[in-house]
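Alright, structures below, take your time with them.
Two complexes follow with chain A in common, the first pairing it with chain B and the second with chain C.
Now for the complex of A and B:
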């Protein structure tokens, strides 16, 4: 980034978000995604650029800054994993990627390169997923020819493109705002009358999904408490206050009750390209127990949780550890000195254990997540 | 119903001639009642109902009022009979009986209500048994072995304090004296399989005791039998199991265990005393959090055993490090499934998935001839005192704390018993191998 006065203002808002992420003052994928989007909007609105590459570089550098700034899980297996894998709040990087994708799309539309899009080939399909639909929406505004790197007026490019870019960012913003509604709109097709649903932890996505289904169906939810955060208690309170018949059980009884459960519905922290996911610790136990009873496992997650990463070597998810006092509190003084206490935040759940992802872009089996990724992000942004 | 014919006829005529004037009919009836003092209040109301309903129909139905009032009263009786039962049912399921809840209640209804301490004492209960019942219901004595030993010890006191009533023999009467004691313990907390097995053995001994033996000798003989049972089937058995299981722990191993089994605890301490160098991963979960007790005893030896403690959701992160999983059991069933503390099944399942051997440590007296298909059919709920910080139950929310689950035989590598290491599927052959002739 060039050192013009505007970039210091940019840096300030970026640093502000970075510190909040670091201190975990900002938690939750959607909240993080929204904040990231706000920062990006600021950055784009203040940025000075005379061609698309400059703009992309500015956004990328902000994205990298945000991603790098997050607390890293320290684990011996780090050597196996690509560096970017260690980001914890994946939605930051995902939002940056999504914005980049939209910006490029707008740029291509504005630039109108129909020749490149007219010829479809299998090779191209494999490379990019579905052909982009950009040609179908001709921009309504009067077409001003885009002139990159104009030596006379270096800002002309930015001036022409910025309104379109803002619109693109607003689109992403709107998508995030409505993500729960869109995920929940088909809830009644997934939950039927008198079913017994098992869920765990506190996931706002699952919460809204179950509540949406409760408008149409009369069913029972069993919520596992999910120690040591006990997010399940919060979830059970929320669901029962919406009139859903709810049972709160300890994590230990998941297996005992699984034989009566019709469906397991989980939330996700990040969905990976291979169709696996990171989710609240406890999810792997529930998914494995469900598999042994052949109970379907349904994952509800917004599209912003799609992460273009593969998890081939890391068989389990403990990249990030929480406060041990939640597990063994300091009242047990003499024990605390002698005992190692482990409190991981997340599980890695393999794609074989999952049946379907319900996203705001429809339902997808784990095996087709990679295609959804190709449509959502550009390949060159996988490494920010 | 003894309704006098003339009366009802006159009443009928009343209501016929003055069909519109109901009040007057009633007044006339009052007069009739004064004349016939024997007429009961209920009959009169039946008469009233009958006459008022029949007033437009005519005198063709003479007997109808009586039969109708009969029906009414019987319906009232049946409804009043129904009401308490439904109320009882609702109370039995935690006092929640709202419409949408009923389904949820039904599937969990057989779990039984967690017992409140200080339950009623019915009949002639020995003080030792009353005390034991309280200890059971408050979970002061918890665990299959501890409960069995405590029960048998209490029964020794009961037998010693027992006096055979005249015209009776000890071998025939003692059991009728013991059965209310057993019932009392069961009301405190459902009976464990170990207690059931021990009591069956005790019954056998009682019925087989010699009639000609002096009473005190017979009682001493029975107490001796009880002592032998505790020694042979529990204490010595545990020592043999310790010897067998310790051989499977090698230097440098990471032993993973779940909650607290008294037997696993003894095995780990024995291995430590044999100077084996190993570390222990203790996995624990609500509602009982018994693993903390195990941690205390493992870390209080010198030098302390290196321990890692985590709650059940963290298990996937730790199971990959484990070399062997040691588990305890409440009971072992004929189809090889293991009834044990809730959560055990998931530990065994995940261990199997990661190819970590699962050793189940279990004395043969915990074997049961029944078959268990899942952990749902038979279970027990922990009392509310174990979920104080959980949200309170309301009309839509219910807090359930099942205590047990059932691990399928496929998740168990081997069962360590005092007769050796056996696969869980050959459980059913063990009682015969031990010399029992009948199943």
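Now for the complex of A and C:
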């Protein structure tokens, strides 16, 4: 990063966010996402740069710093903000990527270049989604309103571009605001009357999806408790308060009930490039049970949970372990010494076990996730 | 009270926006980690590759502390330098850390607190922790609770954070713990009784007053004392006022709770969630390392929020390998579960590492086996070495085929081997004189360390161990030769074994227990067991043996106390002090020697009884003597801090039973009755109790005497009964007489004398 006086102020903001992330004082994905965006906005507004590469480098270095603070063995960077009600926030990297993407887009628009169109649908995905390789702009292309590397007035580039950049960041904000609604708007097409739906954990996305469907359909939800976080209890309470007929069952009875279930709806923590996903622990159990009864498994997630990474090393888990005290009480002095307790946050669910992802940009099978990734991010940002 | 120039500024800050302050006592005030700590303060020892102090800072940062004072005594330059280079002094850390150098003469936490007071460091409620804390407890919430409580109760000066753990938890010290008596509703700490591993104790005594004042009491022996205290600003000044307070728990908490004068309250906060523990000895060093590696301290775990800022990759089975890719693990090497390996460390072929922590830049040779051990940065372990359950310092060179048995501590820079064998619990440090030149800048520090090392060197002649050719090490003698070894001290040699890494101390725990229930206790237990609720400690209950060991510490303390009381009363008697003055003196004595109220009562009663001279021939002169003494000194019995006439009678009985004044029992009791020190109902109550009848005692002269006293009491009660039925009128007279003139009183006295004469006569028949 350029070492001018402003950057120390920036560093301070970034460090503050870093330490709060590390101490898990900032929990809840929406909060994390908003904080990240605020930090980025501040960084951009204070940064001095005279061409696009400098700006991108500044943002990247902030992103790298934040991502390092992410408590993750595997280098997972979830597409920008996860709305799932899970404790860990891996949204930072994706927020940064998205902002970078938007900034480049704005830059292209300002240079009167055609920006890649978004809006995706499973019906025409073959026609769409060519990778935008032209992302790096040779600085020779600079035109009248945008003067890069102007020796007389090094700030002119920044001055012109900054309002546009702020707008780009605002776009990301707006997208986050509307994500639940966009996912839920087709809910009635996926859930039919008198169906029995199984879900688990507390996912805001799934919650709003089910509630939206309840306006049109009359159906039953079975919620598994999802030990040891017991997010399922909260979910069941929320659903039944919305007037949906809800059963809360222990995790152990998922397989027994599966023969009666018409559809399994899960939330995701991160959608990986191969179409698999990380989801709250217990999801693998439900997905495997569903497979043996050929019950369809539907995943509700914002498109921002896409992450351009693969799960190469770990077959079943995301290798992110929490505090064993949720499983074994610290008072059990004798056991604590003799037993190793693992409390994994996430299961890795293979793409073969999933049928469809419902996102705010349409529905996709696991096999087309890679195209979405190309569409959403610039290849060069995969490694921050 | 001369605040430094910047302290003034801080005061302003505090007024504006309540800055949460914390004080870290960064000195251990003991030597349990020797020789690792000869040239370095304990708080800079690494645990899981981060200095303890950093863990403490992080624990406090989690709680939102904004200003930290670090009180350092030994090796302050090193601490200062460490703070300066750590990430906490960088911009954006949000914490202001001020190292405070305290005098070399600060030998206890109490001294440090007095220093805090004289410097005027704290301006409001503050968090007091030790420099070896690992915690993820939300201390800010405890502070909130504390402040809330202070609004209604100004005397709630301190909140101690304790963690439920069960009695046998590995992180709970077996050498130094405590029994807490808590009020179930308010969680006010009512009783604090420190317990040591050696000498072991099987009972905890809860003072009777506490039981009567609080309907619901929890007596807990399953707490880990986290040594996190939320103190109000009075606490340092209390230390200043009581210059003999040394330890925060044993002296201060105990003193405040038992004091009749201070009237301050201490509360406990029982942490349900979170983790907190202190690295107070090598044993807890091991257990806390394991707790960290098994993620009990989450989010303070190596792969998430490592205090030194290292980044570790967490692999299945709680293995943590540094993430920067500089760690070399040979293909045939084994890394077991619960391991942590720092950056640039190389593990060679066929080496095995099992639940151990390896620092940075270490080399583990071929086929070496490292089991449950903690190896600091820069150490080389040669091929074929075996290290079991030990702590190896910085830059140690262990040459090939060396064996280090469990519980060993190897100091920084030591070279051992090849083919050496260090027996279990061996302690090695580098011989002096090799790099004294380099250390010259901290001369006084070295003086201190040197004097100790000199002792060790002096002892070298007697120790003959093969530490290998080319070794620069010297072996420390097994236990420190301490002439004035005192079992009462927590640091006594046997108790230290409970703190030692790898030492189960099973031989100690099961052999010579039970000195508590010695002669002295059982002698007085006839009246005592009624007054003190006895509590069996689950940890060692079934193992106590009744040894006829009259010289137990308790007994000594008690006989000393009795003696003191006797002397002070004698002085009061001869110099004619007022009853109030004598009472104050007794209260102070009681606090100083920490005995229960009933003991004081016994002592006072017996002193007064002994004061009564035996007049040959008895009769009226004897009765006058008794009346004189009792009317002069009797009121003292009820002024020692609590009124309990039943106990007074019982004390009188037991004393008379073993005294020459046995025959005076009835008369004295009558005199007490006349002076309204005991009431009729009290006598009846005493009379009914089993203990007063001496039923529970083995037969003997003393028991006979007790029996006799009881019979005297029976007759007295008979008289009461008779009088109740026949002398209703005269009782009313008596009631009136109290308000009337001297003359009437004279009459009344005569009347009473008649009563007591009756009683006396009946006793004379015996």
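Assume the second predicted complex is superposed on the first by the 327 of 384 C-alpha atoms of A that agree within 3 Å, B and C clash if a C-alpha of one lies under 4 Å from a C-alpha of the other, contacts with A are read in each partner's own complex, and residues count from 1 in each chain.
As a convention for this text, contacts are C-beta pairs under 8 Å (C-beta built on N, C-alpha and C of every residue); 3 or more make two chains touch, one makes a residue touch a chain.
The structure displayed is predicted, hence computed values, not measured ones.
In the superposition on chain A, contact is made by A:218 with chain B only, not with chain C. Within the superposed three-chain model, A:341 lies in touch with chain B and with chain C [touch as defined at top]. In the overlay built on the shared chain, the residue A:332 is in contact with chain B and with chain C. Between chain B and chain C, B contacts the larger number of chain A residues. Once the two complexes are laid over each other on the shared chain, residue contacts for A:227 go to chain B alone; chain C is not touched. Look at A:288: by the touch rule set out above, it reaches chain B but stays clear of chain C. By the document's definition of touching, of the two partners only chain B reaches A:252; chain C does not. On chain A, the surface touched by chain B in one complex and the surface touched by chain C in the other have residues 317, 332, 334, 340-343 in common. Contacts from chain C toward chain A in the complex involve residues 58, 61-62, 90-94, 163-170, 172, 222, 273, 275, 294-296, 298-299, 303-305, 311, 313-318, 337-338.
Per the touch definition, chain A reaches chain B in the complex via residues 194, 196, 218, 220, 225-228, 233, 236-237, 239-241, 243-257, 259-260, 280-282, 284-285, 288-289, 292, 315-318, 327-328, 332, 334-335, 338-344, 347-348.
Considering their complex, residues 100-101, 103-104, 107-108, 285-287, 292, 295-296, 299, 304, 306-318, 320, 341-343, 345-346, 349-350, 353, 374-376, 379, 390-391, 394, 396-402, 404-406, 408 of chain B touch chain A. Contacts from chain A toward chain C in the complex involve residues 8, 11-16, 19, 22-25, 68, 71-73, 314, 317, 319-325, 330-334, 336-337, 340-343.
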